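Take a look at this one; I'll ask things after.
Going by the order they are written in, the chains are A, B, C and D; count residues from 1 in each one.
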Amino acid sequence: MSLHLALIALLFALHFILPDYHHGNLARVMVLAVYAMAYNVMFGYTGLLSLGHAMFFCAGMYGMGLSMRLYEISAGPAFLIGLSVSVIFSLLIGLLALRTIGVAFMIVTLMFSQAIFLTILYFNPITRGDEGFVIPQAARQIAGIDLSDSGNRYFAALILFSICLLAVLKLVRAPTGRVLIAIRENEERAKMLGYDIWAHKLGAVVMSGTMAGAAGAAYGLLFGTVGASFAEVPFSILPLLYVLLGGPGTVIGPFVGTLFMFYLRDLSSALTDAHMLVAGVVLILLTIYARRGIMGLIREKWLKWLP
Amino acid sequence: MAIKKHLDVQPTRRNVLTGLAAAGAATTLPGFAPYVQAQSSAPIRIGFQVHRTGIGAAYGRWYDRTTTAAAKVINDAGGINGRPVEIIAEDDGTDPKRGAEVIEKFATYHKADIAFGTLFSHVVIGSAPRAGELKMPYFVVSEGHHVASGMLNRYTLQPGITDVKSQVQAMAPFVANNLGKKVTMIFPDFAFGHDHRDYFSAAVEAQGGEVVAKIAIPPTETSFTKYFPKIPRNTDVIYHVMVGPAVLTFVKEMGEFFGSSRPEIFGFIDSLEAVDLKTQGLEFLEGTYFWEGNPRYAQANQSEHDKFYRAAVGVDQNGASISDGKDVSTYAHMFGCWETLHVIKAGMEASGYQGPSDRAKLIEAVEAMTNMPLSQAHPQGAKMFNGKTHQVFGHQYITQVKGGRLELAHTTSIEDTMYPDEVDYTSQSF
Amino acid sequence: MEFGPHLILAMLEGLVQASVLTLTALGLSLVFGVMRVVNVAHGEFFMLGAVSAYAITDWLAGSAAVGFLVALIIAPLLVAVLAVVCDRMILRRLDYDPERTIVATIGILYVLQQVTLMTYGPDAHPVAPPFNQRLAIPWFEFTDTGLEFYFPWGLSTTSYKLFVIAAACVAGLGIWVLMARSKLGLILRATQLDRETAQAFGIPVERVYAFVFGLGAAIAALGAVLVVPIQQAHYLMGSDPLLLSFIVVIIGGLGSLRGTVVAAILIGMSNGVISVFFTPTLAKILATLLVAFVLVYRPAGLFGTKVA
Amino acid sequence: MVTVSLLSTKSVSRHFGGLIAVQDVDFDLPKGEIRALIGPNGAGKTTFVSMLCGRIPVSSGRITFQGKDVTQLPAHKRIQQGMAYTFQITSIFAELSVYENVALAVQPRLSNAINTLAQEVETALRRVGLQEHSHRTAGDMAYGHQRLLEIAMGLGQSPQLLILDEPTQGLSDAEVDDFITLIKEVAQTTTVLLIEHNINVVMALADRITVMNFGQIIAEGSPDEIRQNDAVQTAYLGG
């Protein structure tokens, strides 16, 4: 617990210290880390490998964005609409996709996500398809707080990140979290201990989907754009990478993975045009030498108690 | 002097805590290095957002070459306000998310004076909000209608290339009056394709023509033959505008489908930018027409300015790289980078631009521009800039494939490309 | 175009797609089935097959037929060698752990894509087909005088497309013979069933894995060489085949070659045929949802027994 | 003598395709008994037991537990009503600690009382003699210990009915003796259904024995009766 509070405190302190550039990056990383944490709830803790998480992100992003674009709803309520859309949508997807397991689950989530991507393109007059649309700067205010201001943006991201971090921490410390881990480890055994696997998995999907949707809605509000590129396959792979690199099944792993990937890309593109080459080589080396991700490695070597 | 520079940190909200920032390894990270105030002899730093990877890489490479050439020409002539231009290129991966990050990097890390670049409109739309928030002038070369539609902000301008809406509506008279009244449109199911669909349909109907079928192809498609039967038999003209690496397949399959009895065909060169017309399978295009932003093949009436521009960028008479005849340029679009840089130069000189505090003055200076005559700065042709919509209007070229070359068939007037204003950015505050 | 000819045309196109997809998916299915590795870089092996086919034909610029024939043999071999190197240097060190191999193959994907971009460039390049006659296809109608044949407008295919279908059949058959009828196939199937037991019986599992990874990549590359005269080589062309073959392998049922072939034909064809009835993007949406719902209601795939 | 029936089945059958695994089994288990279920390999014992606890659905027939029809209940609901099942093949949460494993078994009975949870886990571990190993990773322990953990999890559930599927497989002789002692103690409060191959264990523990062959019950009785039953002899010796 103290470690996680320390992380939040550190992120708070960094607001006053960091140069503009890294300050802005960190705000972005925190929002994306929420997306990764959401993924971790399903994949890292429950063992459900989804290849279509972008659809949950977009449920929040478009739920928020379209209600602002089409109905001129203000930012606060629009965010809540985005959140509600994510809840309903993830419940629906959960009910369907959880009929499958393993690789079939991967494909089903991938297919639903592709269908969402194509639907966004198909309804171009409403969504502006691949181009997406801009959330006007003037509209990006909640309770008079201008979210496009870099300081406010940072704090909004930090608040969302902290809520999600503490929620995940509470979840994994709670009996329910233990059950999710049990499902990941040995589903059949968990069932024969009297746990309703289906209900727990559905709960994990809804929590994960809602959190991903919150990240999507926040991304749209804080950075001002909504677009179909957030529904494409690579954007679904991203949180998987973040989580696997950071350490699946650790609470701060997703944040570490997101931060790592962000700066890997940023720093390598400063060194060379071939930043994908650098990223590729680093990914390969990391999988060889840090088998449980960065936080997994730390947990294995030093901090056995890390949740 | 070096020490002086290091102490010269701009006051910020974290002034009190700057001491902490100096601690430890943090200072070795980029962005932590203290920077200096712009000095009169220091270069003007232009952040160049470029598609080096991703689907736009073929365009990006030529945007890069054109930009480098333009910067060299400007620098050789004494730079801007006596200061050299420095181009800071960052790859956006043809990805809107990264695009926005790159804009941030220009503003807060590279401390660039302005940002410039990029083609794909989703990247522009992803980036423009950040540019507006950071009060960073963002000069785009994307031909999207997003600037003039009013979707973006006062910091985003498109002074170097016309937008899709202009291009498309300027084509309608030629198509309807020379090729045929009944048009079938084939376009990608992108926002860009939809712009074509909407603006062309309206324009061709205004000419007494009719769009008899609209075939939107999904972006992930790799084979097209199965869609061709949707083309009605009574079609006079096929209007195609495809993008992406699958366009060659598109053209070849169209040839195989129609065999020797094809309708008239009019296409946007976007399909075949960076593609050699001599490529096997493209013989089918002989006799068909293309929109070109700027004719790829040097024409009989080539201006001395095009000659100069061509040589400076390193492009031969056929639109290919001087060093490699197979390396075909994106000639119809890339002139936009050259012209935009020259507009930036003109704007900075008109406003007496000194540093980031003059950004608003720079934008006002560009907004004040109107006529841009054919010149070395504008080798594609004369243009009219609309300061209210932040969009430039210019001549369009229609060429026909003859003997595997694109020969100029028609040049539209600037007036053909004009449409009523949809926004007045000058009424927005900075 | 009338409905009948349109449908025939769409089916023919679907069949060409299905043929190439069958090969790509068979490659993935082998790797997935035997090694339990989700090879995210599979599409890049496909892409490399196409790109090296271009390089080879460009180099042997003289005759399209000779160049193509050489490419048909050399390109899959080159790609196989590269895949074996990847297996030896990377996957083996990961002990073929399912999750870590996903990240590692994403890494391989990045590396291959970037290296191709730097060497081959961002442009799409075509490869000339060795032959390419346009073949009009007759259709029939009932008139007053009875049944009449005619050649409807637009209803045609090319000799090369027919060749692709035939070649894919031959290659598919070859793989089936290899798996079902040869000693090597027996070894592969034994390894697929149970790695430990296979090892206990003296099967050199590591060499089998290297071989399978190479073979899987080679089959994908072969599919790419066949398709490149229709499609063109491009450094980003790998993502679609990867997704589609992944889908095919799962729909077909894990480890079932027969299922893979049937699913490839089904998906290739449905892609073509649904487009006859709906607008293209809507057709894609429906085809995608169809795949999802097949799995929702038949989680083991069409021919699978149990998916874990 | 009136016995209260804890679990009973009425003509329960299970088919896999054309294959009949269990056919028309009527079975009755009174409360408080240790019942052994024996039979040659493939006799349908595990299938039958799996139907009892809901891991696989019945093809036909009825199952009653504590007087209630549970035939249609999913496994976890039956477990919640007081069944516990330990697997034939060791099935623990290998990556989790021994403590966590048992806590997972205990947890459903308790509502948020962390202290009670710790106590109960402690008790279950002590009964099988694993209290020293509480913080070890379950998968790292010796096989015998893993089997004991499996039983500790069953105990942690404090069930009405404890179903043990071949619990002594792979245990050493000394461990088997400990096991017998443990089950005798458990049986004081819990009804036990034991699938077992080790006939010594069966004879030492069982109050009654049910014998299955070819998916049917061919004999049932006290250990002595079974020992002398011809049908059983035939089934086992193939004679």
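Here are some notes:
Criterion: a contact is a pair of C-beta atoms (placed from the backbone, for glycine too) under 8 Å apart; a residue touches a chain by one contact, two chains touch by 3 or more.
Remember, predicted model here, so these are calculated numbers, not experimental data.
With centres computed as the average of Cα coordinates, no chain lies farther from subunit D than B. When every chain is represented by the mean of its C-alpha atoms, the one lying closest to the mean of all protein C-alpha atoms is A.
Chain pairs A-B and A-D differ in how many C-beta pairs are in contact, and the one with more is A-B. Measuring from the averaged C-alpha position of subunit C to that of subunit D gives a distance of 50 Å. With each centre defined as the average position of its C-alpha atoms, the distance from subunit A to subunit C rounds to 33 Å. In this assembly, the C-alpha centroid of subunit A lies 43 Å from the C-alpha centroid of subunit D.
For subunit C, the set of residues that touch two or more other chains comprises 114, 117, 281, 284.
Touching two or more other chains at once are residues 53, 189, 218 of subunit B. Among the residues of subunit A, those touching two or more other chains are numbered 118, 121-122, 273, 275-276. Interchain contacts (touch definition given at top) occur between A-B, A-C, A-D, B-C. Across the complex, subunit A is touched by residues 38, 90, 93-94, 97, 99-104, 106-115, 117-118, 239, 243, 246-247, 250-251, 254, 281-282, 284-285, 288-289, 291-292, 295-297, 299-301, 307-308 of subunit C. Residue ranges on subunit A touching subunit C, taken from their complex, read 96-97, 99-104, 106-108, 110-112, 114-115, 118-119, 121-122, 233, 237, 240-241, 244-245, 248, 273-277, 279-284, 286-288, 291. Listing the residues of subunit B that touch subunit C in their complex gives 53-55, 57-58, 60-61, 189, 215-218, 220-223, 225-230, 233, 245-249, 252, 256-259, 261, 274-275, 279-281, 327-328. Taken in their complex, subunit B has these residues touching subunit A: 12-14, 16-17, 20-21, 29-32, 52-53, 90-91, 95-98, 100-101, 104-105, 107-109, 121-122, 125-126, 128-130, 132-133, 144, 146, 151-153, 189-192, 194, 218-219.
The residues of subunit A lying in touch with subunit D in their complex are 175, 178-179, 181-182, 185-186, 188-197.
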